[in-house]
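Below are two complexes that have subunit A in common, paired first with subunit B and then with subunit C.
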Partner chain A sequence: MTRLKGELIRLPLYLAGLTMLVPFYWMASAAFKPVPELTRNPPSFVPGDPTLDAFHEPAWDPGVRADQVVAGLFQRYPDVPGGFLRFMGNSLFVAAAITVLSLLVAALAAYALTKMDLPGRRVIFVVVVASMMIPWQVTLVPNYLIVRNLEWLNSYPGYIVPALAKAFVVFFLVQYMRSIPDDLVHAARVDGAGEFRIWWRVVMPLMRPALAAMAIFVVLAEWNNFLWPLIIVQDDTMANVPVALSRLNASNAFNPNNMAVIMAASLLTSLPTVIFFLAFQKHFTRGIALSGIKG
Partner chain B sequence: MTTALIEKPSTAQPAGAGKRARWRRAVPGYVMLLPFAGLFAGFLVWPLLNALYFAFTDFNGVRPPSWVGLENFRRLWFEDPRFRTGLVNSLIYVSCTVTLTTAAALALALAFRGTSWRDRVLRTIFFLPSVTSTIAVMLIWRWIFSGERFGLANTVLSWFGADPVSWLSTPHWTIPLLVVMAVWGGCGYGMVIFVSGLNAIPEELYEAGRLDGASAWQQFCYITLPQLKPVTTYVVITGLIGAFQVFEAVYIVFRAVSSVGGVQDSGLMLVPYLYDMGFTKFQLGYASAIAWTLFLIIFVISMIQLRVTRALREL
Partner chain C sequence: MMHRRTLAAALATMLLAAGCTTTGTGTTPRQDAEGPAELLFWNTGSDEQAAAMQVAADRYKELHQDVTIKVQAIAWDDGHAKVLTAATSRSGPDIVSGGLSWGIEFGELGGMIDLNGYDVSQAKQQTRPELWNSITSPGGAVYGIPMDMTLYVFYYRPDLLQKAGVGAPPATWAELFTAVDKLKASGVPTPLVEEWGTFEWLPWFNYLKQAGGSLYSDDCTQVTINSEQAVLATTTWADQYRKYGVPKATVDVGAGLAKGEYAMAIGASYLAGGFDSGQPELKGKWQTAPLPTGPAGAGSFVGGKIVGAMSYTEHPQAAADFVKWLYTDEAVEILQREVFTRGGELYISPRPELLAKANASDNLRQTLQTTLNSVTGPPNCKGWETSGAEVSKRLQAVVNDNADPRTALAEAAAVMQGNLG
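Coming up: the complex of A and B.
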């Protein structure tokens, strides 16, 4: 009886959970609707006649500009080799490179700060932690100028190098590394192992859960990163997915015929992150919990 | 967050090791620190100082910056109506978003804290917006609030016999819509933190409460809420900081033809204004003054957080 009552109280919350999904459902269904169905009033909630035209429009002819025919997503960007796949490739490559490199750099720093007797390490750590309260937008203008002077605008280094100094990752890894017994490190030292060897062979394997949690954080953040790429990307070839998406939107803002294409692109942008998240959910929520509780 | 600094004193010192030996042994450590330190100095500390310098200059990115003293800040705080609009919008948006998101996150955490499959599925659903590309999400919202009758929001209105609303071009709808999107997008994140906070509360407290005859509501008020205080502070503060930094929602959903602030600047906030000044009007000095204003606001919030967490720890 009380259980039934509990379920009844939670009913509105289940409904809220359902409405949470409405925007996603709307996106996914719109991507497969033929154009006339998109603007039907009242709207159709189930695609009556599902089609892949939003991805590849068979009737599209670049020479003919008819009203009802718009280029499918993969037929856009005729001057970009690979079209939309190229943007996904850019996003993937940049996110992967930043994740691997920034985690290595941060893990090295965290090891030096926790497991080695460095004069001044406490001051260094305080500076790193303090930097976490700087909103990164403050460095936007100067970083843009630095990257421009290095002639890295519109290039992978421009994406990757400024994103490698992640104070939060160092902070998180230091917290976790403190729980690894110093005796392990001492024992390895007594056995004559060098510091790099201890870091890589002894400490890093034990850091796996923390590294996994951070990797998921960084991958998702970089795949979705928008403002920095928006500023440094100048031609379509180097766009990542969010920038490509915003340009797609800007150039076709008020043409409902393009809505299906924009929704198809949105679907291809969010689907990988959702799958990735579902696959690694455990690590991810653990990472949030660890970082949240330590506050 | 700096409260975790207290650590065990290092016992690595062998007897008789001199100061020089200590430095020599530290060399590999500094080498390991070097990549991070270099990137940290080059792309964080140096830009930060640069931004401070630019804030006192007139600078368009092409000609060398010329020193103008406090002129940018004077203009910003005393003469610039757009900045005032942006600041007021930010304050309204931030206060509404943080209050509603925190309340929703706590309610969801209380409802779905369990380990049953239903709770886990619901938690995942509420968390999904946090991992989805903001741009994609904002494009969906843009369509849902389309002013045409095929917009989803207007369809729902029409079920109740109401006339379609042109959501995106009516200035007084801008902030409410932004708040709705932010709560939808942010409640799952807070929920996850609250769930781990709830699970850390010792069960004995509730047992004692029940023995004393406390009702569910009393248990919530006198056990759950006080025990959750540090977690709540964390959720609120990170929420505040995040909300002050909003950009994509304004840029994608409400971008007007001539500026990034939406119709009549109704969605203009600090970061959109910073972007507009810096990267569409190329007043980089002025943009840096806005950036430092944002920094100061967030700095004050972080200081309050430090104070509060410290006070809480001393309780």
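Coming up: the complex of A and C.
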């Protein structure tokens, strides 16, 4: 009886959870529907005749007009080596590079601000924290002009370098690093270790939970990054997944026949984040708890 | 979270400001760099349209061995922001296509070449004057020439009209609203819908022209939006929503017509391409007609795309030559065929006489031909780009807040006058 009562109390939460799952299910099921089923009225909730045509349509011929036959996702972007997979590769590489490098940079900064006798470190920390209050859109144009002058438009450095300085990550790691006893660092210094060695061998292993939490946030943010890539990418081969998806959606949405392709692309785009979340769910929730971030 | 379009708009504004410090005088013809030209063409629109344009570009290469053009699609949603970044940073494509007003906007920023230096007189001769006027800057510069057109079309279901006792598609405002009442009485839930700039200034502009009004004087020195004709147009436009139940939100016209939920639609010509393939049950059940006329006769907005060369291109002559070549019979024929084959869409060339060869039914071709006789493009007057959204807001207030049309138009005129300078 008590259990049933508990379930009933949780019922609204289940329903709320369901509302979040339904769009995902709709996307996934639409990706496997044949074109005629996409416009069926009333719509089908389960694909009656599942197909992979949205990914590769054998009947598609660019030179022949046929109703309800559209190019599959992997038949598009003929000028881009690898097609849609190239966009996924770009996203994966950029997200991974930014995550690794920005965490290293932020951890070095945090170490300098907490464990070294750096003159003015409090002021520096306040400046870092204060920079979080500047909306990122404000820095967009200066960053763009700098990247342009460096001739990094349409390149991986243009993607990666401006994203390496992350004030929130520094702030978070500083807070966490403060919980690591200074005695450990002093002991290492007495033993003759240099600062870089102490940072890498003593402090970084103790920072793993915080680094894992931040890594998840950075990876997800970079995987979904849209506006910066949109303005620096000038050639399809350098596009990331959100930019490619946006273009696919915006340029084909008027034709319902393309919906399965758009959904297939959305599915492929969201799968890595879902897998990543499921694999690192524990760290993700721990990261939220550590940082006090609220949804 | 800010919407992507909002972000793109904010970015566009910021870059515009930044552009003021980074632009120079890049609009005079430059000497072409030596050697073969490799040009990048950003074609605003769908992937299929870009693929069709690539076929044309490949044909151009056969005729001009030393010029290679790579066509890349950019979406309408993000296209403006992308071209703006290219124009202000002097980096990006050699050729772009985009909205009719983009040429003047980016050209005045120094981002595009004035094609007058490359003799576009033949293209001017072949294009409807109303359209050419829209893309010519007040100073006479032509930064991009029309590439294709989008017209307003009146779509309807003859069977539903007949069932409601409406013998023919409405030819006048009065007939239109009578038809709405009859269709409503016959059980059609939403007799009339509107698409392409729904509940914004675009469809209102049709009523303005049909009432005999205008936004500015011909020489762009006066704002004329607060005329009596505009009041009549605004009242009629507002009554669509207030009295006749036209939805204020964008709707899926094809699906609604197919289900019989809608019987008539005022929408863009590009919709026609998606009806039969997107809604197979609609095949053979829809027809088109020119928009109903008002007290001043017929009138309709014409939109579309311009194509032009960027000012920083190293091959301005080659870029301009290709832009002009798009007006040839051969290029138009390729685009008409390929745009239809790849996307099922209708390519309407700025050369009206070539409409006869477009992949469309006789009924649609006739509608477009008739409509072309009474089209007006967006104004080329200074400040209209920034005024459009403000005008839409004042018009919407008439419907949403029961604002007096005269007051709303006076406010719109003040905004336009301020932007006109």
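Basically, the second predicted complex is superposed on the first by the 287 of 295 C-alpha atoms of A that agree within 3 Å, B and C clash if a C-alpha of one lies under 4 Å from a C-alpha of the other, contacts with A are read in each partner's own complex, and residues count from 1 in each chain.
By definition in this document, a contact is a pair of C-beta atoms (placed from the backbone, for glycine too) under 8 Å apart; a residue touches a chain by one contact, two chains touch by 3 or more.
Remember, predicted model here, so these are calculated numbers, not experimental data.
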Request  = Using the superposition on chain A described above, determine whether A:G72 touches subunit B (first), subunit C (second), both, or neither.
outcome  = neither
Inquiry  = Looking at A:L145, would you say it contacts subunit B, subunit C, both, or neither? Reply first, second, both or neither.
reply    = both
Inquiry  = Looking at A:N257 after the superposition, I want to know if it touches subunit B, subunit C, both of them or none. Which is it: first, second, both, neither?
reply    = second
Task = Quick one: classify A:P229 as touching subunit B (first), subunit C (second), both or neither.
result = neither
Ask   = In the superposed arrangement, does A:P36 touch subunit B (first), subunit C (second), both or neither?
value = second
Query = Counting only touches as set out at the top, which of subunit B and subunit C does A:L220 meet: first, second, both, neither?
reply = first
Query = Does subunit B (first) or subunit C (second) touch A:Q137, or do both, or does neither?
reply = both
Ask   = Is A:T273 contacted by the first partner subunit B, the second partner subunit C, both or neither?
value = first
Remark   = Counting residues of subunit A touched by each of subunit B and subunit C, the higher count belongs to B
Message = Taking the superposition on A as described, I'd like to know which of subunit B and subunit C A:G83 touches: first, second, both or neither.
response = neither
Request  = Please identify the positions on subunit A that touch both subunit B and subunit C, taking each partner from its own complex.
outcome  = 39, 41, 137, 140-141, 144-145, 226-227, 231, 246, 249-250, 256
Remark   = Within the complex, subunit A is touched by subunit B residues 1-2, 4-5, 7, 10-13, 22-23, 25-26, 28-30, 32-33, 35-37, 39-40, 42-48, 50-51, 54, 61, 107-108, 111-112, 122, 124-129, 131-137, 139-144, 148-150, 152, 155, 158, 184, 189, 192-193, 195-197, 200, 230-231, 233-235, 237-238, 241, 244-245, 247-248, 251-252, 255, 271, 274-275, 278-279, 284, 287-288, 291-292, 294-295, 298-299, 302, 305, 309
Ask   = Residues of subunit A touching subunit B in their complex?
value = 10, 13-14, 17, 20-24, 26-27, 30, 38-43, 105-106, 108-109, 111-113, 116-119, 121-122, 124-126, 128-135, 137-146, 161-162, 164-165, 167, 170-171, 175, 178, 182, 186, 194-196, 199, 220, 223-224, 226-227, 231, 241-242, 245-246, 249-250, 256, 259, 262-263, 265-267, 269-270, 273-274, 276-278, 281, 284-285, 288-289, 292-295
Inquiry  = Under the definition above, what is the set of subunit C residues touching subunit A in their complex?
reply    = 4, 7-8, 10-11, 14-15, 17-18, 22, 40, 45-49, 51, 70, 72-78, 81-82, 85-86, 89, 91-93, 254-255, 258-259, 270-271, 273-274, 276-280, 340-344
Remark   = Touching subunit C in the complex, subunit A uses residues 36, 39, 41, 62-65, 67-68, 71, 76-77, 79, 137, 140-141, 144-145, 148, 153, 226-227, 230-231, 234-236, 243, 246-252, 254-257
